[in-house]
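Common to both upcoming complexes is chain A, partnered first by chain B, then by chain C.
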Partner chain A sequence: MKGRPNLYTSYQGETQLFSTRTQKVAIVLFLVVLVLMPFDLPIIDKIPFVRFLGDNTWLRVVNRMLIFCISALGLNILSGVAGQVSLGHGFFMGVGAYTAVLMGGANTSSLWGWGLPMWLWLPAAGAVAAGVGILVAPAAVRVRGLYLAIVTLGLVFIGLHLSRIFTEIAGPGSLGRKWPKLQFRIWKEETPLIDFSDKGHWFWFDISRNQKTYLLLLGLTVLFALAAANIGRTRTGRALAAIRDRDVAAEIMGVPEAKYKTIAFAISSFYAGVAGALLASMVGQMPPEFWDLILSVEFVAILLIGGMGRVSGVLYGTFFVVMSHRLVEEVVKWASRQAEGEGTFAALWDGLISVENGDFGFITLSESALGYPLPASALDEVIYGLLIVVFMLFEPLGLYGIWIKIRNYWKGWPFSY
Partner chain B sequence: MLFALSTVDTFVQTFFKAMALGSLYAMLALGFVLIFKATQTVNFAQGAIALTGTWFLSIIFIDWDVPGRWLPGPNYMHWVIALLLAMAATAVFGLIIERLAIRPMIGEPIFSMAVITLGLEVAIRVVASDAVSLTPRILGVPWGIQTFKIGEAVVSWSYISAIVATTIVFLITWRFLKTRTGVAMRATAFDQEAALAQGINVGRIFAIAWAAGAALAAMAGIFSSMSPWAAAGTASREGAFFAFRALPAVIVGGLDSVIGALVGGLLIGFMEIFAGQYLSGYVGVLGVGYQQVVPYVVMLIALLIKPYGLFGTEEVRRV
Partner chain C sequence: MKNVRKLLAIMLAFTVIATACGSDEETPTATTAAPATTAAPTATTAAPATTAAPATTEVAPEVVADIIYDYGVTEDTIRVGALADLSGVFAPLVIQIMDAQQAYWDMVNENGGIAGRQVELLVEDTGYDVPTHLEKYEIMKDEDNGVVFISQSTGSPHTSAIAEDAVSDGLGIIPLSWYSGWPDPDFGQNIFESGTNYCYEAINAVDYLASNVVEGDAKLAILTYPGEYGQDAAAGAKIAAEALGIEIVYDAEAQVVPGADQTPVISGLVDSGANFVWITASPSVFAEVFGGAVAQGFEAVWSGSLPTYNYMLLATGLAPSLDAYYYQSGYYLTWNAGDSEGMTNMVAELQARIPDKPLSDVYTTGWTAAMATHQILEAAAAAGDLTRAGVIAAANSTDIDYQGLAANQSYSGTPNENIVRESYMFDIQADLFDAEATVAGGGSTGSVLMNDGPILSDVTAAHVYDGACFKSE
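Up next, the complex of A and B:
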């Protein structure tokens, strides 16, 4: 009887994160592959998808994806577990990022910065964002549904305005200011203890900057994902799920609604704050306009495309959404090469893509071309918008739902159920 | 502007500007409310649709010169006809959206539908703003940047036009809600299943609401692209974001109330313009462009006091 899925002999067994041995082995193997992914190692190099992602140019996209993953995990606790829709996640990321730059940034005549080390500013970014979340919560707890969505949307615009007022923190103009680098220092000493922002030599390996950042972010993502999964198993998580399923019933059963909604806001803002600080530090320089509504919508899209309420859904969703931006670009590039080449479908691609000025087509590669034909960067946003629509229409459970369907099909195979 | 005018003239001038902005917000809010009443969803794509409508007007009136080709008569008559045509085209666009993306989602969670409109917003806005950003799309507004004076106060004709247009729109809506279809719409808003059981064609009601909402968005987009506002007579990307600033008006008035749309729109418009005029001495503290944040702050405060807006129906919560 041992080792059978769905056979639980104790409550402890039922709430385990990885209940079967297969799952445990799979997750350990998966993590090992993830850790070794960016290095040139004999066996791992041969796994097609992994080899492709571990490539140095793609590693930047993967790093971005990991950060988005942390942030989306936070929104998942608020929207997926507690059922409170927020369009203001980008605002909390911005709060975290600006806390980081205030605490860790360089002090100049026009800019404020305390130059503190990373082990201080990274948790502080989360803590301050969580504090702001708690401050906002009284207004947010009173409203529900779409009213809440619009209130949080208002936060984004207020935040954008605040970043225009406090130019000492946000930096003047549209370029933004420089963020502290991802360097681990004990205090303010000259040479950092561990430098994630420059290439170097670790153990027996030469290691590039992207690879170092990747390892740091991977560690943090695993940490945050485990924390998120565990929150769902605690008293708090169950209370949040009760509020999501039916708030009045939860209150009748003695779950204090306001308290737990505030907690959900605080946790989700903490995740967002940390992710915002990491993202800004990795990119190095960010305009205040980055933390706008489109960013917030992106996280809602991640949750919906991946599947709400599940940590694994968040992982699928982030992967899909962040990668889709680059993939569309690559596909258009590939198609334009096809259009110029001699392949079988060259004429078809030529009809779709305008390779040079005045050429007929719907899509163009040049970034400067505005208007018609659409530039590839705009196309990628259009596809992303339509993806949200298509997923909501045809697969409301998202990629997680697709996975469940596939799994159930093979579980019962060759019988239909 | 400020220095040469007496306080009364400043007030009159600010008052007209506030009335105009308030009417624009009210017009947009009405679109939101009609769509919410019928399909229980906030149409976040309203701004993108507004931009599309402005673009349609530019194509119809400037590029094709449509009524002017065949009709004699004064320019402003042509413009009004072109405006109606653009609104009709946008209404058709709204119908297509409703049919393809909203109708299949009836009965699904409210949030799924709202997110669909967010996705549509991204897609439509990108295409539309890409279409208008190559060359400035002139709208050919007949009164352009002309102004007239009441005493010493300078009032733009576009203010008056916006106020008049909103008045007409609200009068039509008010009459419409008393007709047979209007009553059917109110019944649908109250309870979809009960309305179905009474023989009301609920699908048709949805279609009407979305067409009307899209047409209103187009109209508001066009009137908000006139000279004293940011876009100044051309279709530009600003139009797509203008609708987001009208969301506070909807929330303050109540998501499902026509009167609320009017009151909320005017209230937010007045707050924004009067704050912009009379707090401009504190611009160092408040930051440039603070008046654009005023709607959101008002919204937050209003929600703390009345969670369902001034005229919104309070949701009855049952287990």
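Up next, the complex of A and C:
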């Protein structure tokens, strides 16, 4: 009987993260592929997606995706598990980023920085963001739904304002300042113990900066994803889900609402703070305007598209939202090459893509101004917006829901209906 | 009606910000060794070239054989990159800048290219987002499909974020940003700023207007954005005021905050008794402050940093006041201003290549950036070294001739020796402006060149450059 899907003989069995052997094998294989992805290896490089995502020109995008993933996992705990809407997630990322730069950044005549090592500033970025989250939580206890969204929205603007006042931390105006690099030091010594921000030689092969950063981020993402999945299985997770499903009923059952909402805010902000610090550190220089409303909305979009409340939904959503821009660009470029060439589908692509001025086709690479034909750079925004609407209307479970439907179809095959 | 106005304001704001952050590239068209492209009708390198194609094919084989190259160059192509904001806040301006650059390279290619190679412009959209900028930079630096030189990197923090990498990858970059920190080698050895900077521009403008336009003793008011843009300009205005003994009656450095209520600044200005205003902001914020002050009967000579003004403001009700009070400052000539060789060439080429596009002052920005890149690449080819390192070496030893479109530029010697100090001043004549005009008709954006050429204050000429006027760290 063991190993059958959906057959649980104990509570423990039902709450297992990976309940069947197939799942366990699949996840291990998946992780192995992910670890080996950036390296030029014979078999790995034949797998669709993996074969180009591991290229150096893509790896930075993948790295950003991993960081966004950590942050989105945090918002998922707040919005997906505990059901609290937040438009202030970008603000908490900013809190983390500025904690990192204050603790790890360089000290100059006009900027504050303590030059501390990464093992201090990275957890501190999370901790300070969590602390701010705890300060904000009382508001969430008093209001909910749309009103909570407005309260958290306010945070974004307060953050932007603070960044203008404290130019010693944020750097002057739109130029921003330099962030500490992803380097592991014991204390403030010259040569870092492990340097993730420069190419080098590990074991018996050469490794680029992006590959190093990728491995670090992959490790952190796996860690944070496991933690997030586990939170859902604990007493805290069940309390949060109870509050999400009906807060009044949860309180009647003896779930202290204020306490658990505060916990949800703290955990979510911790994730955001760490992600913010990692992102700013990887990029190296950020203007304060980066941590704005658009960033926060992007995370809401990740949850909507991927599917709320599920760790795997967050992974799908992040992949889609972060990668779509670049993927659409590349597809259009590829299609326009096809349109120029000979072949069965050339005519089809030619009809879609306008290669030269005045050519028929509604997408163009040669024009950048908005209008007809539509420039490729704007196409992705259109797709993105449409998808959010489509998912809201037809697939509230997001990409995760689609995956479940596909899975169930094949599970029941040939008796699917 | 209110919505329309709001929309216009937002669009203007975008343009202003865009200009502020970075749209300065002035590159000359003239080649180093021999003016090959712009000068096509007259004399190209060695061979007479009315149609340059036969000339290059003759010359090319021997030249090509000797040229060494590594990334971004092949036997028949040279790839140049542009990190352009095609979908972000500065897109309206950057799109026009890219139109001009593309037109320039089309012209070069029709005339035989560089050393027998066709130039491909690889444009990547950054969306004015720093992480995306870095991701697109990875494409530029790629050893197989990358470029040999980046003729535009939009935005200050964005360019700053790739400055260190540019050194380790050996890639040269022209920034679309005029911060006075760029020539400082500590900031980025491989960043080749084109044109003067916000700081020197302010010194020149304050000196020129105080001596020639303001009646009586100048009483100066300084209103700027916070940050490297506004405060760099404020630093310049203060250097000028101190050196020339101009009284500063109202100092609102860093107090004009985008998106904030500008009423306190406006009333402070009106009450100050100033007769001369220097403002560094975005066009929309400028319009708000300028319009507010004028509405209260405030009369003074106004001027501001290049990105503060956009000629499209002449399509608003502010046109008569701008005509009466405002003087436009810039680092290169505005559309169809003056009668230099470079302007005549550029206008003629753009009329032939993009006749239906609207008029824009930033075509010169793109055109001059491409000119600088072209001359640097020609110099590298002449030296037989089109590797990235060879191009950097060529950039560091080339004098760029903008044919009168902008003050000539050199990157050789120390920053203090080669930094550009000249800027331009324009009088606004609203009746010359036509909102519907296209490139085909030539026309004017309403800016008339003053002083028949560049202006240069004695203070700027004597200033010893040792890093940015306004330091961020």
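General observations
The definition used in the following text is that the second predicted complex is superposed on the first by the 366 of 417 C-alpha atoms of A that agree within 3 Å, B and C clash if a C-alpha of one lies under 4 Å from a C-alpha of the other, contacts with A are read in each partner's own complex, and residues count from 1 in each chain.
As a convention for this text, contacts are C-beta pairs under 8 Å (C-beta built on N, C-alpha and C of every residue); 3 or more make two chains touch, one makes a residue touch a chain.
Predicted model only: the values in this text are computed from it and were never measured.
In the superposition on chain A, contact of A:E381 is made with both chain B and chain C. Legend: residue contacts after superposition of the two complexes on their common chain; A:R246 is shown touching chain B, with no touch to chain C.
Of the two partner chains placed around the shared chain by superposition, chain C is the only one that A:L111 touches, whereas chain B remains out of contact. Annotation for chain A, partner touching more residues between chain B and chain C: B.
Contact with chain B, but none with chain C, is seen for A:I150 once the two complexes are overlaid on the shared chain. By the touch criterion stated above, A:V297 is placed in contact with chain B alone, chain C being left untouched.
In the superposition on chain A, contact is made by A:P172 with chain C only, not with chain B.
In the superposed model, A:I158 makes contact with chain B only, not with chain C. Residues 164, 375, 378, 381 of chain A touch chain B in one complex and chain C in the other.
Chain C contributes residues 21, 86-87, 91, 95, 98-99, 125, 127, 129-132, 134-135, 138-139, 142, 145, 156-157, 160-161, 164, 179, 225-231, 257, 470-473 to its touches with chain A in the complex. By the touch rule above, chain B contacts chain A in their complex via residues 41-42, 101, 104-105, 108, 110-116, 118-124, 126-127, 130-131, 133-135, 244-245, 247-248, 250-251, 255, 286-290, 292-293, 295-297, 299-300, 303-304, 307-308, 315, 317-319. Within the complex formed with chain C, the chain A residues making contact are 56-61, 64, 106, 108-111, 164, 167, 171-178, 210, 279, 283-287, 290, 325-326, 329, 368-369, 375, 377-378, 381. Residues of chain A touching chain B in their complex: 85, 138-139, 142-147, 149-151, 153-155, 157-158, 161-162, 164-165, 246-249, 252, 293-294, 297, 300-301, 304, 370-372, 374-375, 378, 381-382, 384-389, 392-393, 396.
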